[in-house]
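Shared between the two complexes below is chain A, which has chain B as its partner in the first and chain C in the second.
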Partner chain A sequence: MDITPKQYAAALYDSVKEKKKNNLKAILKEFVKFLAVNNDILKSEKIILEFEKIWNKKNKIVEAEIISADVLDKPTVKLLKEYIAKLSGAEQVFSSQLVEKNLLGGVVVKYGDKIIDGSLKTRLNNLKEEMIK
Partner chain B sequence: MSNTKDFIVEELKNQIAGFKTEVKEQTVGTVIEVGDGIVRISGLSDVMMSEMIEFKSADNRQDTPNEAKNQVYGVVLNLEEDSVGAIVLGNFESIKEGDTVVSLKKILEVPVGDNVVGRVINPLGEALDGKGKLDTDKFYPIEKIAPGVITREPVNKPVQTGIKAVDSMIPIGRGQRELIIGDRQIGKSAIAIDTIINQKGENMKCVYVAIGQKESKIASIVAKLKEHGAMDYTTIVLTGASDPASLSYIAPYAGCAIAEYFLDKGEDVLIVYDDLSKHAVAYREISLLLRRPPGREAYPGDVFYLHSRLLERSCKLSKQYGGGSITALPIIETQAGDVSAYIPTNVISITDGQIYLEPDLFYQGNRPAVNAGLSVSRVGSAAQIKAMKKVAGKMRLETAQYRELAAFAQFGSDLDEETIQKLERGKRLVEIFKQDQYEPLPVAKQVLIFFSAISGLLDSVPVEKIRQFEKDLYNYADTSGENVLNEISEKQEIDKNLEEKMKKLVNDYKDTLDYLLKDDISKN
Partner chain C sequence: MDALIETFHIDIKLLIAQAVNFAIVISVLYFFILKPLIKTMKDRTVKIEKSMVDAEKIEERLKKTEVEHKETIKKAKKEANAILEKAQNLANEKKDKMIIKAKEEIGQIINEEKAKVQQEKAATLREIKSEIAGLVVATTERVLEEKLDSKADKDLIKKIVKS
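For the complex of A and B:
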């Protein structure tokens, strides 16, 4: 049986959690050696992705993407972050911001596989469909 | 003029004031792979099995013309560790890798209601007959658990197919599942269509599910049904041969959901699945594309369950539960008469009997080509009316004897009197079973002709004249023997008195003929 990237990542997480920083280097070296022995170096990118997912999940970290029509000021971003934290039950929220002019107004928040669409564009579209009905 | 303008503006304001948007959290996924009618999606972590999903392609978000904006839906069929497999209901060419998918939080449903009667629709409830959108606000899920034991009762009312060979020897009851099986081009659909035509005035709704059929064939079926006034109580669910396999796969379930609406109203429904071998092929295609392991004949392991859960939804409900029924006539096409292939054996074991059509009989001119020996109805005889039961029992025996003797008599010419008489009788019975398409026969007339045959009244009619005689006898009975026919259909039983009346009717008619054989002994 092949070892999947997910299994690698889970194993790596188990071996590094609650370890001190100076031990980590040795563990990682061993891990890479293990990958090489199994001819799985090519999987490393996927393993890193999976590892990030696991790490975020265990430490209750959420990565969110905030898309808005204009650059948002700091208090608004902070409010949004608190809102996301409340929705997802996370303790820490990392956010990245994106500006997309054709949203017209409002924000779209994406985190994990969830999306909260509060943009003016969608609302106008919904209104349009309602009117056609 | 300004009045109208004011009204419009006012109305618009009201509309906008009443319009509230709600910002909801939605679960989304992205398409990572598109195949022939299937997609693989990442994300959608909390999606359910057989949940509906909507594809929002990048194009749709731009201001594309309306027809191109047609929403494409899908159904989740595979839940895997890091991806979701789904089938696309509709045009999968517009879906691209990276498109957004939204889960709709509901199981796939079809519109049902009284308005679907007389329509030709696809399995999603979209009209295909150009009569405009279906006007109904009721929806039924396409997958439903079949009614349980306590809600059911044994079949007790017949479905009159109007086909002599079927009604006499292989009777079908309301709530039964009777398989029609045979090679291609042998009259399987014809039996089903005749049955639908014969339901006129029988208080029966009909659903005809065409799975992967040629659209030309369906067009002619619809025309025929219209001609006979059968579209007044019939719904046609159609997936054409060029439609994606996913639509063919859901078609019988959608048809069954439409039937269940009438069942819940306590009505009797007849549903025809034409045909389930194409359905199995469509499911095989989907399963293989979704990389489920293939089994015998490359069908997936759950192909038995595919049909059993569908046919189990046919039922006869007891009085407390409305008393409705769904009678199913599934059709299976065999390859060169091979009934021991995978799908035919499966469906034979699920159904309550089968009507087996044979090529040899068909080419000999015995149409419908029902093989009476291999065809059975396991429960239908309980529902047969008494009059028919009485004549049919003897018929069955005499036909069986004839078949045996006929095979034996081929070798010798020296036969005793009794054998010759049996052979002559048998030949006439075979003639009687012949019946033209689109000409279903009321049960009273069937009883009359069968009674004439087994009581020897037809022995004096030359074999080649039997069909002519039959036709003319019906005409004669319609004009001067109406009370006899009425009595049969009212009493549903043959007593001595009625027996005499029938004998008299037939003999009276025979007196007007000039082609009878001379040594007529039956009159004595």
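For the complex of A and C:
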């Protein structure tokens, strides 16, 4: 029977969720052995991604990408994290920042499968579309 | 009587002989000429009468034929007129149909041309709008690049978060 990366990830999460740090290494070793026996080592990358998703969901963690035209200061990043936490219902927000000058201003926030585009570039493009209509 | 005979030197015997001769001549004339002649005359009269009757009949038939002929011609004329009228009606109908079709085709062509013109107009308008919008956006982008400082950007982000 073919086991999907999602199924592997769910099984791994169930194995490690209430375990102490000391036991994790042994569990992971067993898990990798199990993958090798099943010839599913190549699925490991996908399994990690799925595991991250499950872990984040269960622990109410959101990974977000903040894209702005300029480097943002700490209070603004904090404000945005709070905003993301409020929108997603997460307790923790892990964010990465990216600078894209062509955004002109404003911010684009990506988390989960959502994109909040508040950039001036997009606003101007929308304005352009409205003017052409 | 004797005196009369004496005066005119009448010979009774000769007279009788002459009378017999005359009778014979008369008989001969009657039987061989007059009777056949009368018969021939009667026959001819009958023939002539018959011919006349026939002629009358022929004339009557001729008249009848003429009337029939006239009637036939009249009927033929009537039929020809009816055919002509029908042909004329058909031709008119065809003409009307062709006119209607031509009108429809012209209308269709006009509509198509109108639609084409409108499409071209709309495309031109869209192009102009696009050009103007592009210019406006490009100018705004340039202004924003120059004028938008970090404080304004921060305010904008705050506004996004609050909305």
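Criterion: the second predicted complex is superposed on the first by the 133 of 133 C-alpha atoms of A that agree within 3 Å, B and C clash if a C-alpha of one lies under 4 Å from a C-alpha of the other, contacts with A are read in each partner's own complex, and residues count from 1 in each chain.
In this section, a contact is a pair of C-beta atoms (placed from the backbone, for glycine too) under 8 Å apart; a residue touches a chain by one contact, two chains touch by 3 or more.
Remember, predicted model here, so these are calculated numbers, not experimental data.
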item: Contacts of A:Met131 with chain B and chain C, given as first, second, both or neither; value: both
item: Touched partner set for A:Gln7, first chain B, second chain C, both or neither; value: neither
item: Partner chain in contact with A:Ala69 - chain B first, chain C second, else both or neither; value: second
item: Residue contacts on chain A - larger count, chain B or chain C; value: C
item: Touched partner set for A:Ser96, first chain B, second chain C, both or neither; value: neither
item: First, second, both or neither for A:Ile115, with chain B first and chain C second; value: first
item: Chain B versus chain C as contact partner of A:Gly105, first or second or both or neither; value: second
item: Common interface positions of chain A, toward chain B and toward chain C; value: 116, 118, 127, 131
item: Footprint of chain A on chain B - complex, ascending; value: 15-16, 19, 21, 23-29, 43-45, 81-82
item: Partner chain C, residues of chain A touching it in the complex; value: 68-70, 72-73, 76, 79-80, 82-83, 104-107, 116, 118, 120-121, 124-125, 127-129, 131-132
item: List of chain C residues in touch with chain A within their complex; value: 126, 129-130, 132-134, 136-137, 140-141, 144-145, 148, 150, 152-154, 156-158, 160-161
item: Touching residues on chain A, where the partner in the complex is chain B; value: 6, 87, 110, 112-118, 122-123, 126-127, 130-131
